[in-house]
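All chains are identified by letter, namely A, B and C, in their written order; residue positions are counted from 1 within each chain.
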Amino acid sequence: MTIVSIVPEQFTLVEFDAERVKAIAAEVAKSVAFPSDVDIHIEVDEVLPAPLNSSQADYLEGRADLWFTGGAFEDTHKGRNIDEVLTRCGLGASLLRVKDRISGGFEDAPNDSEISERQRALWDAYADGRLTRIEGFVIREPRRRYVYRLECGFNDVADAAYDQLWASDATTWADLLEIEARLIEADPTERGAKPSVRRISLRQTQ
Amino acid sequence: MSDPFKPRPAFAPWDRRELPGLFDVEESARRVGAYKWIEMRLFEALGGWIATVPELDVKMILGRHCYHHAWHAELFDKRLPELREMNTDRLCAPANDAMEAFVEALHEPDAPELTIEKLVGVFRVLMPRKIAAYTFHLNGTSRVTDAPTQRSLEFILQDEWNDWREGEMLLQSLIDTPEELERAIRRQHELEALVVRAGGITGPGTIGTTTEVEGAGV
Amino acid sequence: MRKQLPPEMLARDSRFVRTSIMDQILDPRNRKISERTIGPAKLAPGRPASADRARNLMHGIFTGEIQALEGAGRTMFDFDETEAPFALKLDMARQCWDEARHVEISIKLGEWMGTEIGEFTEATFLYEAACAPDPVLRLCGVNRALEGLAIDVFNTMKEFGDVSGDPVLEFCEDWMLADEVTHVKMGSDWLRRLTADDPERLERALDFQRTVDKLFSLGGFRGETDENPVHLARKLREMAGFSTTEIDEIAELSELARAEGKAAVEAAGSA
């Protein structure tokens, strides 16, 4: 039985209910068929508001280690309040990615703090695409596509890769690296030519 | 090749323009002044209403149409001095008190729930009246002496047709229920009554007078 | 229809949600964020969460365009010709058409960036500058201050599109920038014409503009360093009729607004 823990246990800057977030995480774990023998630890940095939206999802010491900015769960209409639909999706995508790390072809992928923004954008497209096919998740596909294009390029090769990832149920870290190589070749901008760099992460600002 | 010095008729055979027209300079100026006045009141109303309509498409269309009518007012304003009216403000006036009362009533709706009332006033009452008045002027005035007014009217009528059509389509898309239909009809009725009293946008005779023909209607 | 429509009466469909600037100022997270080093604030594709920040800013531009459209429309209606001459009304009508196009562009651009209408909240402080009872003050507040800010924001977003290789964003911002330069120039020209014989009115108007400019710098939102998300577009402002002294003054005001914003955050935090 999965045990969910959260930090902080009491939010002071935002009106999130830690117990509710844990309950949502438990529901989401069931929906995405997350292994029941793996515990989940969630850390929310409540200082960082929307639109400073960011997250990390790792498999560390036998448990899912999830990190989010408060903005990633925040209601864009009612600041400092939780948006449960967004929270479900954020947790869902993160848990799918940890599942990938455990036994879904991403066992050899580096931790989130070490992968590039482009690699992350590819993986997110793969995760969100799968979430749309599971009941109970409302994904804003156009937003995902824009975030993806910003990292991977505004060109046909990048768009084709996106569609491929979105529709896929079985991509591996090796596939992802192969796609990334294709994208670098197709992107005429400076960003495209550069090797993958991990930019400053919001998590490092704590 | 024909001899370039051989006299040709001054007017090509297909040029059927004629003298005189229905209006002298003074009458043409009076009408143009009334046109400028009504175009101004219209673009001001559209401008004011932009902030009061919640429908985003209507908001943007009002912004676009507002400029069209301002441009019409500008064309009429530029024509007035050429019609011997150097003080362009003097003739920029309503045809009569009833016309002024009509515009006051046209401007009245304010609340965000009254988009139908606002649009009916513009697209089902005022614009058909403008199209009628401008068409009458275009057809009746001398195409030789009053050609500059005619040229402006042709541009303006093109705008009016396009904008009227767009406004009418907006209304058709907004009127869904019997209650909304009732509101539209009631509003049109109220405002039409005022325009009828005014005799059209340049007063009685806006689109000419119909002379009784013996035996007509028998 | 009433003259002088207050901001709370701006009509919106149910997708739009209004926010108050005070809610943002009093947000307890502000103080904590100011203690963090989250890298340069300038909006650029290489910064954290840049996509969502760009989407958020673009939505702000969209609602700002609606308010610019409404403000220009109200200036035509609220004043008679003794207060707002015929030619000024014609300019305002032209601006209405331009702003209506900007709203259209912003909606399509928002769609391109994966943003829904009303996804983010709307603050009405831009329209508030269009509520001044003197048309000259409105021109200063809206055409010179608000539209000046639009130049800075569009230029920043255009660069964002250029660096990220987003052809649609760059294209749209380029066209909107072209219009905004003429709007600012319109404001500068009318300010001179309407106050030619009234130096006191000119001073009042410029004073109002300074207040609005400072408000629009929003605690450091706009400025000339990497600490400012949006940068002063000096060259384009010159094209729009601002003198170097005037641009320097806006830069100083922005710096002042940044410092005051920081102080306000600290005061709110310790209250």
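Basically, a contact is a pair of C-beta atoms (placed from the backbone, for glycine too) under 8 Å apart; a residue touches a chain by one contact, two chains touch by 3 or more.
These numbers were taken from a predicted model, which means no experiment stands behind them.
> Taking chains as nodes and touches as edges, what kind of graph is this: line, ring, star, complete or other?
Chain contacts: open path, no cycle.
> Nearest chain to the global Cα centroid?
C
> Can you work out the whole-Å distance between the CA centroids of chain A and chain C?
Centres of chain A and chain C (C-alpha means) sit 34 Å apart.
> Between chain A and chain B, what distance separates the C-alpha centroids? Give it in angstrom.
Inter-chain centre distance comes to 59 Å.
> CA centre of chain B versus CA centre of chain C: separation in Å?
36
> Return the residues of chain C touching two or more other chains; collapse runs of consecutive numbers into ranges.
In chain C, nothing touches at least two other chains.
> Residues of chain A touching chain C in their complex?
Spelled out, the residues of chain A in touch with chain C are 13-14, 46-54, 69-71, 76-77, 79-80, 140-147, 149-151, 153-154, 187-189, 191-192, 199-202, 205-206.
> Per the contact definition, I'd like the list of chain C residues that touch chain B in the complex.
It comes out as residues 1-2, 5, 9-13, 66, 69-70, 72-78, 81, 86, 89-90, 92-94, 96-97, 99-101, 103-104, 107, 117, 127.
> Would you mind writing out the residues of chain B in touch with chain C in their complex?
40, 43-56, 59-64, 66-67, 69-71, 73-74, 77, 89, 107-110, 112
> Using the touch definition from the top, list the residues of chain C that touch chain A in their complex.
17, 19, 23-24, 27-29, 32-33, 36-39, 45-56, 111-116, 119-121, 163-168
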